[in-house]
Amino acid sequence: MTPLKIAVVGLGRMGKRHVYTLLYKVPRVEVVAVCSTEAHEIDWAKNNAEYKEFGISVYDNYDKMLSHPGLQAVWISTSTDVHASQSLGAIAKGLHVLCEKPLSTDLAEAQSVVEAARKHPDLKVMAGFSRRFDASYRDAAVKVREQGAIGSPFLVRSNTCDLLDDTGFFVKYAKRNGGIFVDCTIHDIDLSLWFLGNPTPKACWATGTLQHHPELKEANDVDNAVGVVEFWGGKIAYFYSSRTQAHGHDVCTEITGTTGKIMVNVIPKANNVVVADRLGMRHEVQPEYWQRFEDAFALEANEFADSVLNDKPVPLPMEAGIMVMKIGRALQDALNTGEVVRFNEKGERI
Amino acid sequence: MTPLKIAVVGLGRMGKRHVYTLLYKVPRVEVVAVCSTEAHEIDWAKNNAEYKEFGISVYDNYDKMLSHPGLQAVWISTSTDVHASQSLGAIAKGLHVLCEKPLSTDLAEAQSVVEAARKHPDLKVMAGFSRRFDASYRDAAVKVREQGAIGSPFLVRSNTCDLLDDTGFFVKYAKRNGGIFVDCTIHDIDLSLWFLGNPTPKACWATGTLQHHPELKEANDVDNAVGVVEFWGGKIAYFYSSRTQAHGHDVCTEITGTTGKIMVNVIPKANNVVVADRLGMRHEVQPEYWQRFEDAFALEANEFADSVLNDKPVPLPMEAGIMVMKIGRALQDALNTGEVVRFNEKGERI
Amino acid sequence: MTPLKIAVVGLGRMGKRHVYTLLYKVPRVEVVAVCSTEAHEIDWAKNNAEYKEFGISVYDNYDKMLSHPGLQAVWISTSTDVHASQSLGAIAKGLHVLCEKPLSTDLAEAQSVVEAARKHPDLKVMAGFSRRFDASYRDAAVKVREQGAIGSPFLVRSNTCDLLDDTGFFVKYAKRNGGIFVDCTIHDIDLSLWFLGNPTPKACWATGTLQHHPELKEANDVDNAVGVVEFWGGKIAYFYSSRTQAHGHDVCTEITGTTGKIMVNVIPKANNVVVADRLGMRHEVQPEYWQRFEDAFALEANEFADSVLNDKPVPLPMEAGIMVMKIGRALQDALNTGEVVRFNEKGERI
Amino acid sequence: MTPLKIAVVGLGRMGKRHVYTLLYKVPRVEVVAVCSTEAHEIDWAKNNAEYKEFGISVYDNYDKMLSHPGLQAVWISTSTDVHASQSLGAIAKGLHVLCEKPLSTDLAEAQSVVEAARKHPDLKVMAGFSRRFDASYRDAAVKVREQGAIGSPFLVRSNTCDLLDDTGFFVKYAKRNGGIFVDCTIHDIDLSLWFLGNPTPKACWATGTLQHHPELKEANDVDNAVGVVEFWGGKIAYFYSSRTQAHGHDVCTEITGTTGKIMVNVIPKANNVVVADRLGMRHEVQPEYWQRFEDAFALEANEFADSVLNDKPVPLPMEAGIMVMKIGRALQDALNTGEVVRFNEKGERI
């Protein structure tokens, strides 16, 4: 077995975790390089005993990293604004790409990556919608799509609610993420399209509020938002995203069909422990999506490696992200304007 | 103790239950009469041994019933389209009134009842929003409004989802109820105003779908609908109502604030029993709002009796229902037109 | 309708609640008298406006109360040590009796009441095992006994765990209750016999510990105890009773059969409210068995009234309590001696 | 980094899974060999493409396997009756050992392995009580032992309940496992000692029943059993083990202390999915302990590898299993004789 030589670009909170996942849970992959442009991340990586033990090279320049000897694939885990250019760079070098969602906050740019991927059918270029790899969502998909457990699905409610971060970290990062519907709800939109059988959007509306992060106002963003999407054919999805939860990372999805409903993670739990004391009975909730989706990231990486090593289609092609992004942008526009955003029957904005 | 002499008008499913509640759970009340215009209901009541035992007179004419000797109060449990006229009739006779929600599907008509009540300050005229009397909602209100358990509340999600009725009963009744947002969501709107501190609506939008009851199309109605209300001051409420649930009567509410969230009945349970067998672990769900709110109806009736007998303010004056109805109608209009309905800062439609 | 004239003897915490239940939830009953020997309870009752309003006479002497004009039935809610003598007194006067469990801490004395009841077949004499009237236990019984939902039931786990009472009230009262297995577990034993089809005990063993109430040592009692009963024919029941729970009144029962398991109240909840905040997600637990079984007490009283007014068999005859008590005493003996207590195939101690 | 060269002996259901865990989740380990004496397992392994890809040698003889070039450690996953001899064999060859619980059904034999390990302090010899490595049990231990979340713990209830296996596989295997308390409850005993702070047993009693596997009678075993252990100092543990659950692998533990209770997995769930349909709301339960403890096995193997590679103490020395086994045997004896088994204050059987 020759493992797939991969590099991880971006060494923020998630980049570090992806390296960990690759080292510990993806045996057919060899992490040969990491890259960051942040001095403190580069320092951290250079002094990391584990990285040394596993023989990982540390780069401060993305292009140089792309030329690492024998490199076959890149996992892009940087901020959204460079996803597209880094994907294009890797594709141009003939490297396989796993790019974190969303591809771009700009639809045309996102489309350019899809085109580039199309021109290189030998390369595996994959959109990183991690929830598709979560065991519960997969089980829900089997029940809904294969077993007909709820008849014909027609409505999705889905939330992406983050624990309040009052360290300032989130606000700093938020300016580059395209807004709450593009950064958070994007996952819920993707799940909705998956569970509802890729319906075409007809209209959407959204509203939001600023409760903890007034600084977001400058970026035309909010910290709590609700959006509704109506699809052609009588299907509906509605979403709540929040940056300000007190209790943890609360991501749930309900899919309602003509004969039943599937609920995913409606009561989030960090583990199987309950404390009973004078306050009653309580359980803890995962603080971040990492704790909730750690196993999903490992499965995603394993399936990506499998698609490259055994030349199988990627589980989630880049195209999948385009309609998701289109709806995310429409919700963000509805939020900003207060107006309904409408689509024709081809799914084009009107 | 001289009990309050009360009559119940309407002997449909709920009217019968209200009589039962009054007989068995409201000791300070004496049911002296019931009234219906439906022949089969009148027959049923005349032959009811329990009604005979308790000495209940059966009327087929509302006006005659209002003249029942010694009658002091009326509980109106008929279809929505006669709520207002029956309320006005009772007030004119000097009787106290407990009228099921909503007062009317027509705002002007509803307003006329409020006016009539205002002119008779000696009469107790009360809006029947039963959820306000539910132990869990009351506990939530104490936690949110008195204890500050979630900081400043800014967002409500609330559902009214009924078990699918495929007997034809519901569809027949549906034509007179004003639409799904006026008939179902009205409870959720009331709860939202209660928990959010009576904010003023700014804009709302809604969408819906027909999944089981195509006959509703004639009445411009749907059997599943989602609506969002934005309030002046940055508060939000969003709703899902359904006529087609497979698993039971599923009514839940979540109130999110700056430091926490209160969840009411997010996992509905018929009782404390769980069955573990080859399907896993399961519990049953209440089939109807009666099973969910039986105790709330009793408390409502007891508090109404108390307000009359001891000349206290009614727990929920008729006025409370006006803004609720205004928002319900706006959501229904948004559903029908696909347009955003907007309000000025006084809460007037624009 | 002529209501059943009833008196309640004992005005401790539960006696007062039983009066409340009779006044508010049992329409076919009229409370004509109450009785206590405690001066402060008598005072309290004499000055109670509600009692006056409902015309309730207050007695300080049980025998005088038995002669109250027109009295038909007695609800005995005193301490265990006078249950038997008061039952005998009422029976001798030709009154119907609903006596709280257990009939006595002494088996011979309990048997004497059963004999007396047998000699007066015209009188309704009923054992007050309230859990048999709880909606969830009834549903479980239907599922287990009528629907065969778990195949052949062979094992019961059942707990009676009380909230810690550090006011001194419990310890004072505890000396007269016969010990933890006789006072608490007695309910669980009754449920086990019910769900397992009245098997005959073969052997039992028990152990306990003192964690909060060292004063119980004098009375040969403990504040936490575990007991196991083996029945002839391969059935088993095991119990945990506690006086020292931090989180509330926690009473649960699991019935395991050959094809499934029924769980009753394994996760106790005070209501449908969940609080999500920085501690995670939590719900409250009922503080006392009153909150857990309030509706059961009402049903019990209604069924007792029905059996008297309509001359039906009582739902739970006194005899039912004898085997329950026999097992409770055996567990208490096992606890005290550390030895296995054994029974022959007729269920007699050997 | 030079990975630890390890071999897995036993290729039954769990042996195969341990190989999988080592390949996919334990990066610092290299699986160099596997061994079985079952022809069909050997065939299966020899034809396994994955084993070939990872370069794993397949042996049909344990002693030969011990001489595999460069072998450093052995994971013993055979049937209980050869655990001790295989451990001794590996120790004699200077190999590190991770041996599945229990070390032996015979206490003297188990003790001999402990002695052998003591004589080779350079070797890491570890008892495989997998639950100690489960995230929820670890969290519970932190809460109980480090944070004092429940005050002083004094009572443990713990269950090991397996899904009914009606393929005949279990019954065949059961004859060599030492009985239900030794094979199943052993985990619960270990957890009890852990959470209660290693108290000394004083007395125990047990009873059981045969509901599905009458063949077990020959081996003096049952398929459902309840046991109680009293410890010196007023602590108690009680257990239920079953081979015949309908709903899945149900392993739960409750630790009660003076100020609270910790519950681990009291409501077992396969994942975060709930289905709501006409049966109510339900979730699935893990079918086997593998699904429940898959991550725990990976952590166990990683910690074992770490202890060898970095010369740290093993997380769970062999000695830990001796008292556990002593109590397991005592419960099994109590089950067989119907008598209480007692221990002196040193924990010796009397």
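Letters are used for the chains, namely A, B, C and D, taken in the order the chains are written, and counting of residues starts over at 1 for each.
Keep this in mind: a residue touches a chain if its C-beta (ideal position, glycine included) is under 8 Å from a C-beta of that chain, and two chains touch if they have at least 3 such contacts.
Note that the coordinates shown come from a computational prediction; the quantities given were computed from them, not determined experimentally.
Remark: among chain pairs C-D and B-D, C-D carries the greater number of C-beta contacts.
Greatest centre-to-centre distance from subunit D is found for B, with centres as Cα means. Each chain gets one centre point, the mean of its Cα atoms, and the points for subunit C and subunit D are 42 Å apart.
Each chain gets a centre from the mean of its Cα atoms; for subunit B and subunit C, those two points are 38 Å apart. If you average the CA atoms of subunit B and of subunit D, the two centres end up 56 Å from each other. Counting partner chains per residue, subunit C shows two or more touched chains at residues 150, 245-247, 259-261, 266-268, 270, 276-278, 281. Against subunit A, in their complex, subunit D makes its touches with residues 1, 23-25, 27, 53-54, 135-136, 139-140, 143, 149-150, 259-266, 268, 270-278, 281. Contact residues of subunit D toward subunit B in the complex are 245-248, 250, 267-270, 276-285.
Listed in rising order, the residues of subunit C touching subunit D in the complex are 150, 152, 154-155, 157, 203, 205-212, 224, 226, 228, 230, 234-236, 238, 240, 242, 244-247, 256, 258-261, 266-267, 338-340.
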